[in-house]
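Labels for the chains are A, B, C and D, by order of writing; each one numbers its residues from 1.
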Amino acid sequence: MSNTTGKIFTTTSFGTSHGKAIGAIVDGCPANLELSEEDIQKELNKRKPGTSKITSPRKESDKIELLSGVFNGKTDGTPICGVVYNNNQRSKDYESIKNTPRPGHGDYGWRTKYGNYNYNGGGRGSGRVTIGHVIGGAIAKKLLKDTYGIKVISHVVQIGDILAHSTDIDKIEKEVELNPVRCGDQEAAKAMEELILSKKAKGDSVGGIVETIATNVPAGIGEPVFGKLDGDIAQSLMNIGAVKGVEVGFGFDVARASASEINDEFYYEDGKVYTKTNSSGGILGGISNGMPIITRIAVKPTPSISIDQETIDYEKKENCIINIKGRHDPCICPRITTVSESSIAMVLADHMIRSGFIHPNNIEKTMNK
Amino acid sequence: MSNTTGKIFTTTSFGTSHGKAIGAIVDGCPANLELSEEDIQKELNKRKPGTSKITSPRKESDKIELLSGVFNGKTDGTPICGVVYNNNQRSKDYESIKNTPRPGHGDYGWRTKYGNYNYNGGGRGSGRVTIGHVIGGAIAKKLLKDTYGIKVISHVVQIGDILAHSTDIDKIEKEVELNPVRCGDQEAAKAMEELILSKKAKGDSVGGIVETIATNVPAGIGEPVFGKLDGDIAQSLMNIGAVKGVEVGFGFDVARASASEINDEFYYEDGKVYTKTNSSGGILGGISNGMPIITRIAVKPTPSISIDQETIDYEKKENCIINIKGRHDPCICPRITTVSESSIAMVLADHMIRSGFIHPNNIEKTMNK
Amino acid sequence: MSNTTGKIFTTTSFGTSHGKAIGAIVDGCPANLELSEEDIQKELNKRKPGTSKITSPRKESDKIELLSGVFNGKTDGTPICGVVYNNNQRSKDYESIKNTPRPGHGDYGWRTKYGNYNYNGGGRGSGRVTIGHVIGGAIAKKLLKDTYGIKVISHVVQIGDILAHSTDIDKIEKEVELNPVRCGDQEAAKAMEELILSKKAKGDSVGGIVETIATNVPAGIGEPVFGKLDGDIAQSLMNIGAVKGVEVGFGFDVARASASEINDEFYYEDGKVYTKTNSSGGILGGISNGMPIITRIAVKPTPSISIDQETIDYEKKENCIINIKGRHDPCICPRITTVSESSIAMVLADHMIRSGFIHPNNIEKTMNK
Amino acid sequence: MSNTTGKIFTTTSFGTSHGKAIGAIVDGCPANLELSEEDIQKELNKRKPGTSKITSPRKESDKIELLSGVFNGKTDGTPICGVVYNNNQRSKDYESIKNTPRPGHGDYGWRTKYGNYNYNGGGRGSGRVTIGHVIGGAIAKKLLKDTYGIKVISHVVQIGDILAHSTDIDKIEKEVELNPVRCGDQEAAKAMEELILSKKAKGDSVGGIVETIATNVPAGIGEPVFGKLDGDIAQSLMNIGAVKGVEVGFGFDVARASASEINDEFYYEDGKVYTKTNSSGGILGGISNGMPIITRIAVKPTPSISIDQETIDYEKKENCIINIKGRHDPCICPRITTVSESSIAMVLADHMIRSGFIHPNNIEKTMNK
């Protein structure tokens, strides 16, 4: 019932995994942003399944169609509606779960709440609905890049026990394209891929951690005390299915630290303000400080596994066993990177407008463009 | 600029650390809830400073005054305004920071954003503004308890390297009152207190982790895909100053897990649905599943320390050294527990109304009360 | 930039007159409402052009396609996306107005605000975008009718100087279908039609007044002081293009009245509360009182006329003459009736949920259904 | 339950006629606006009762106290809380209406909706709660004037059958201060005053029409299709108690007009765009066009009259007679002018920020200031 996110730059999402279509309306994008279907398609392509052995084999073209909001190749300030038609549904896979909620999935909550639950493919609870997020995110990313050169990049930093050792943002950006895990450390990527395939072989799945970095965000966005930048980012990331934890900067490591170890000291260089370290992850007191914004999410192992699990049968009112069929990802981290980028890009675009950096109606009036 | 939180049950907060007053307007609380100033005062007392050696020695009575919204001892559906007047300001402590942002604080962002920044006591960035959160939270807690017996309880589970081993919720509820750390494990609490005092002696501070548990929340609250229960909780917790990470259920440990290990299996007992484990922390697909809701926050060490730190001087446009005076908490975890409870209570109250469990206008019309 | 209306039951509209499609996402409609494309189509048919000599001859099938939100013939609580593809655009009619704003139209404001203005067919300022309103309104009307038997009916009460004398709501409902003016008084309807045709013959247009009546609305909806029922209705009606005035109940006639003449006295009958008169139009203090809700809107003559008018030329930076081509309605009142019904129905549906009458998630849990 | 208005520049109102205090929190006002209690006090003084024979004799000092949001004489971007303590309550006047709703008042709706209704002085339904509107409006007016020289001026144009003939805005501004009716036409004012006094002598009351004009509003504010400038204005005006109709520009007179008579033709003068007439009232297609914004409201006669009226008794469940005591205005138009100005000023301030004219955080960054 709450399918709109953002305050000024808003995305309203619709659609289910096995319905006719999935899409989104982006409202509040200022006019005169160059925008084509290709700008969105390339982001959808990063999210779509069937591209490697470690993703679901479901084949979907995920082709974007823009129904409105662009005139003469540029946004015109009116709502932008993007639609992706579904075409590779296999609903019969899901008949068996009609009356038996899958452990680790939202089936039970959806049915309890609404009574009429489209269980096919997990309905609106499916990861496939993040197509809407990516439509919003692709437009947000274009807006951020064209006005302030802001980049938002996600990479996988952990799968199971395997950690990536990647630190240089430019290197990460290139390296993630070179392996199916979307990891910035090629060696770790190889080990991660093997781990994922070994889990897949057992009908099981594995979790991981995805880091997202946003560069060139100016100091001064975020609105305390209830619209802080980190609060809005945490919400948008936790709203992604499978995410069970969100960190900014040093994250949970702050629990073991002293202030003398992690306070970021300020200094001037060429008249500009920097901090010597960035354990705050670019956000202090809910407002950006001009340093890169760094977040991490904990992604749980895909709950759909072909191992017997106990559950209940609504009709028979008794306990039973479920063994899930369908085409699932043994690890969702590689595909979630695009969703994480999109989620953060939508928040940043909204706040860049709300804080007066990007003109709300027409980017040609944006100062310092 | 975003000082209202919630969609139906809303809290609008105002005030600064050293201004005349701090307070909040709670709107959307249904009528006929018994409410007195004492209900709010007891929560404010848990938050207020000066109660032990490990909190700031600032002396504040933090006395609540209700200006509206209660008629004949019960809410009447109109906005409830609660005010706490400040009376122990020592603004001269802050003259020195007028032009030198404190590392780890929001000073720099606030000044950059608004130009006119009330630096006294950290202004609106001060932890003291969470009085507004606690006013909203106290009313939310009363509403949740009187209608559905919902309890929201926070306890400290880690300070530095010291972990608490507390699991029984009823025991925790009692034990937290027995030590100044608000930890449910007396032995750990003693070690935590010593650690905090040792940091204080050095003019330093230490971080920790606070867990919050909500019991009796019915299955079916939360609104996918952008108003999920865990998304809203993550936002509200990350909006608390000093919080750098938020987890639900298994949290970051999911990264190392397989689905077969952490999926919570369902079963019927006496016609009701339960899960055998609760690694999801009571939320699946963004909707509550009837199990206890469990969250944890990573709390950074209070950035105000009396150790020399490098920073900048806005006026002289040069780098300089700052040594922070004032009365600060060597560890904010014990006092943040009340704010964490309040933040989650506000989200739950809002969602209980939004999902039709509590009548939006008059709790006497609430079903299953 | 603000294309979403409503707080819980929301409609987000998109599309332009000559773009690919126009449509809307309705979010927050509770589950288990029986809903088919036909339910929406029949409302769109009342709005569509080309049905009589007094409407625009543009031929559009205005066929609705539902992309999401319905499962097994009933809503499932997820967003409902409805789309109407455009297929009878004649954009060349509009080249001439690219640089010359039409008097009485929004062209100048749109171009000033956004810089990139889709002038074809008036773009997003076209009356055609009310297709989105009607999609939202059709679903709202179905929800209101199926839960509480609430009806929302509009009829034309004035065109130019010709007044209708229609008072009986049941009679009006039938009679409006019998004439192209959608007037509840057949005699007046005939005169109105003649007046409209005479204006059309001169290339001119004429205004009028449309009344809307909602019956069976229970006492108790509306949220003072900033979400009053009449406030929200006034906004939704004034948001319809061409509307320059809104009245509730006695409306502007109250200016000449004394309280002793227009106060509606209360009385009991069979244990229920009524008022002897209804000059308040069913709303007192911003809250419904159980009597029929009565509103009227002043509709200006369609500004597109084929008579020479003075205007400016942006490119040449000089004054010039415009003579508007295209296919326009000589009087928009007959077609605006559906939009007025839709606008009010959306507000009522939203408030019925917000005030606890209709369950927000599942209408089967609605009390007193 | 909806006591917040505005999207970026918001006002959240609280308090009842006979409670401790009435006030408002204004959030989203940018920093560096010079603001003192006096700026608000002078607006409250125009609204307060007891200033002439034609207003209620209730004596209230209505003294504003600012609790937050101003630092060194200027706003600092944090929420501004203003409070007015009540001190002349006479609650015993209202015991008699506890169980008998007053015709023409909201008593019945409030009681039905919330169950626990503070009937004293009409509680939250009292005209006295518009103090909150005036606090928000006073700050909005200051912001509009200091950044763009925008003025918002209301005057009484009709009482009963007596019409004012006032057209020059500068003259009106001065003349309204010269008579207690706040009418820009001294001769009409005298007749109006006599009419009001004659109604008062009979224990009755009379209605009227108030016009509000805003000058210097730039072209380009307002957000189609659901956040149009006229839509938001209509809502804010209809939200004022006693208002039963709202018009923009030509208003209801458009019903009798042809487009050729009322379309406002454009022309250039010194490179700027104007319209020859202003029958649109400065708003076309929901967006301002740079001409003065002109609205009118229909104000009903104060429903509290000391003439016997029929009503019901909730306790006895029978019909009865009520004769209302207390201190009431025989005509509310003169005092409603300030509320009307405030309501429109809040909408304009919000839209000026939303459309990028006024910087959302700091007015020193506002272009063309």
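Operating definition for what follows: a contact is a pair of C-beta atoms (placed from the backbone, for glycine too) under 8 Å apart; a residue touches a chain by one contact, two chains touch by 3 or more.
Keep in mind the model is a prediction, meaning the values are calculated, not measured.
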Pair with more cross-chain C-beta pairs in contact, given B-C and A-B: A-B
Greatest separation from chain D - chain, by CA centre: A
Chain centre separation (chain B, chain D; CA means) in Å: 38
Intercentroid distance (Cα basis), chain C paired with chain B, Å: 45
Intercentroid distance (Cα basis), chain B paired with chain A, Å: 26
Multi-chain contact sites of chain B, meaning residues that touch two or more partners: 1-4, 7-8, 13, 110, 113, 124, 220, 354-355, 360-362, 365
Of all residues in chain D, those that touch chain A in their complex: 7-8, 220, 354-356, 359-362, 365, 367
For the chain D and chain B complex, residues of the former touching the latter: 1-4, 8, 10, 12-16, 19-23, 25, 27-28, 30-32, 65-69, 71-72, 74-81, 83, 110, 113-118, 123-124, 360-362, 364-365
Contact footprint of chain C on chain D as seen in their complex: 1-5, 7, 11, 13, 101, 103-110, 112-113, 124-125, 129, 132-133, 158-161, 199, 204-209, 219-228, 230-239, 241, 244-260, 262-268, 271, 273, 275-276, 280-281, 284-289, 298-305, 307, 309-312, 317-319, 354-355
